[in-house]
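Next come the structures, one after another.
Two complexes come next, and they have one chain in common, subunit A, joined by subunit B in the first and subunit C in the second.
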Partner chain A sequence: MERQEIINGLVEILRTVRTVNQEKLNSVTEETDFISDLKTPSTEMINIVAKIEQKFDLEFDDDDIDDLGSKIKDTVNLIIKTQEKG
Partner chain B sequence: MQLKGRKVAIVGMGGIFPNCTDLADFNQKLFSNQSLIREWDQALAHGKKVRSSVSGYITEEEAGLEVVWSTIFQNYPDTYIDKLSRIPDGNLATADIGSIWAMLNTLDAIKMANWTTAETESEQTAVVISSGSAGNIILRNAWHTFFELGAKSRQGGAHTVDRTMIFREAANVSCLIKNKGVSESIGSACATGLGNIGHAYRLIKYGFQDRAIAGGVEGTALETFIGFDAMQVLSRGFSPQESSRPFDKNRNGFVCSFGGGIVALEEYEMAKSRGAKILAVIDTYFNNSDGDGDMFYPSFAGQQRLWKGLLQETGHRPDVVKVHGTSTPTGDSIELLSVVDTLGESGYHISAPKSQFGHMLGAAGAVELISSIMMLENQMVLPCLNSVNLNPELENFQTEPSWNGPMKPLEAYRELIPQQAFAKEINHITCLNYGFGGTNSAMSISNDY
Partner chain C sequence: MILDKENLTGVHPSDLMIHHGPTKLLLDKYHWHSPKIGIVASYSPKSRDVEDHFGLFRGVDQIESCAQAIAGSCNGFLECKKEGLEPLELGEKFFPRFISIGQVIFHNYLEEGDTFINIGYIKFCKFRQIVSDGRIYKVAKGIDLDEYFRHFTEKQLMEYDLSTDFTLVAELFDVTGRGIKKERLNQK
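On to the complex of A and B.
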């Protein structure tokens, strides 16, 4: 799966999360930060992670979630890493 | 020991009520003798698994809300949308339905109180709100997801705690209005609504706070209904409008209802000096326990002590007694006889608002206090709807050797129990609520004096 395809999927998920700044979703890049740019409440991150698992049909390791950075690229990297693990 | 404290005024109120659009609609319907109770589709959907099928319920749509359903699991409300844009999305994300109602009612109460932002956000402003049950709709799905579907804990949602904890209503309201004073929840079963207002009253009376947002809510949830249905204590066999019938000989249980009531309290002199409209003055609040070790059965002695404690402080003889009056066989008769034992057989009237909207459990005391404030404002007594026939025979407990209360049947007190609303000069009202565990609460309110 291409990185941009993954980002598009993430944006689709974020459009369903009402506490995320929706205007900022028109210009999401790899460097966009969930916390500082999208103003995502920290408690909402785990809901987003659960939605990512559902959409991309995968299950993250708990350790990977604990270590997850706050930029979009960090999530893209984790999705690719988890997909490769199979 | 009683300390003489400061005087406390009620300066604002807000609520959400079954089958009503707003406070004015509630007022109009109550004083025109209407019932707010309907057949409940959610109960009917379970057929013979559920005994009772009537309720004073409120749908999301009626509250101006829309559910955002989870994309992961069926029937789990991820969050709610406020279609009237009264509450920010961030606050909605941490709230169950009852907490949303508490926030909406709070905004209305503050608007009526006309508090400034600085007053609302002050260190001297408290929030004291609770409910009688848990955040059932959230819990239902979160635990089903984990235990039955075998999902990971995070898939049940990250807001199970804040949307279901005791204190969730006060927590959500405090996060919304940003008060810096006391924020807490007091639980006392079906006396919760009045108990929270009573506690807030004491915070102001004894100088800990100057203002308080206080009350109770009970969010619509089938679990709450089913719990009582299982106890065989819900009304059945009557049309919806006739199913809540306090004091009537044929009453056979209460109507499980839902709603919310929030009042804004303020130290009296401060309210007067800023020109606030005083809706009512709280004369006093008194509460106690039966002390007889019985979880459910009402205690005549406990209620006698409740009255003694209340009247010791006020000295006011009420023009109206707003009873708990649930429409349960024993509860109503013990309550009526304890009122008569205290106040005599004439000179006041009894009002049972549950006859019109059912038993709102943790919200009951708060919504019924609002109904009582409306009685003061309208100078009208709300009725005991459906109290058509009163028992001409003595109650069984009245024939026991240990009984030391009035020795007349309930029918002897017909004149005290109106079946329709009527006009009367009302200066003082006593509000009574009781709860499982033998907890008893009483508040006396008056016109501004």
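On to the complex of A and C.
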């Protein structure tokens, strides 16, 4: 799966999250930050990660989520890493 | 030994909630517990709990007690099982963090010597984070809580199906807690 395809999938998820700044979703890049750019409440991040698991049919390790950075590219990297692990 | 247990009934809260010292642990006993569903735990406010507060148990302590029961205890038990660690070992790696709470509605009050139950269920549990709803009920004098909850069911828990011996004190929504790695304390 291409990185841009993953980003598009993430944006689709974020459009369902009321607390995310929806206007900013029109210009999401790898450098976009969930917290500082999209104003995602940190408490919402776990719910978003759970939705990502569902959408991409993955299961993340707890430790990976502990260490996950707040930029879009961090999540893209984790998705790719988890997909590669199979 | 938590790992040998199917649930928390019979376990003393201090044996699981090891980070809470005696003056901050607001649970006396677990009466019913289904690990992936929810819990019933009781507490009787002590004199220290009502000191400087006109003899009443503070609302914020009600919230803390309920969070210790539903979020802290349920999550702690599940993590012990998942990691294959006893609470002391788990406590070396993780710390319980109260993340957030939604709406809280207080209906009644509690005094020193009253007994109340925290009763609640898990709505979400993943990545060491737990979201739960719960209620606090004051218990009529003389009720044997172990006996009352001996045959309690998950359906009764979800519906807060209790007898008139229990008086609603508070409703709590979206009580959220998370086990975080110790090295991440004071970060994000």
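One rule holds for everything that comes next: the second predicted complex is superposed on the first by the 86 of 86 C-alpha atoms of A that agree within 3 Å, B and C clash if a C-alpha of one lies under 4 Å from a C-alpha of the other, contacts with A are read in each partner's own complex, and residues count from 1 in each chain.
We adopt the following convention: a contact is a pair of C-beta atoms (placed from the backbone, for glycine too) under 8 Å apart; a residue touches a chain by one contact, two chains touch by 3 or more.
What you see is a predicted model, and the numbers here were worked out from it, not measured in a lab.
Touch criterion met: A:K51 reaches subunit B, while subunit C stays clear of it.
In the overlay built on the shared chain, the residue A:R18 is in contact with subunit B alone; subunit C does not reach it. Applying the stated contact rule after C-alpha superposition, one finds that A:D66 touches subunit C and leaves subunit B untouched.
Once the two complexes are laid over each other on the shared chain, residue contacts for A:T43 go to subunit B and to subunit C alike.
Greater residue coverage of subunit A by touch, when subunit B is weighed against subunit C, goes to B. Within subunit A, the residues touching subunit B in one complex and subunit C in the other are 43, 46-47, 49-50. Here subunit C touches subunit A in the complex through residues 99-100, 124, 126-129, 176, 178, 180-181, 184, 188, going by the rule given at the top.
Those residues of subunit B that touch subunit A in the shared complex are 68, 71-72, 78-79, 81, 89-90, 92-94, 152, 154-155, 157-159, 162. Here subunit A touches subunit C in the complex through residues 42-43, 46-47, 49-50, 60, 62, 65-66, 70, going by the rule given at the top. Residues 16, 18-19, 41, 43-47, 49-51, 53-54, 59 of subunit A are the ones touching subunit B in the complex.
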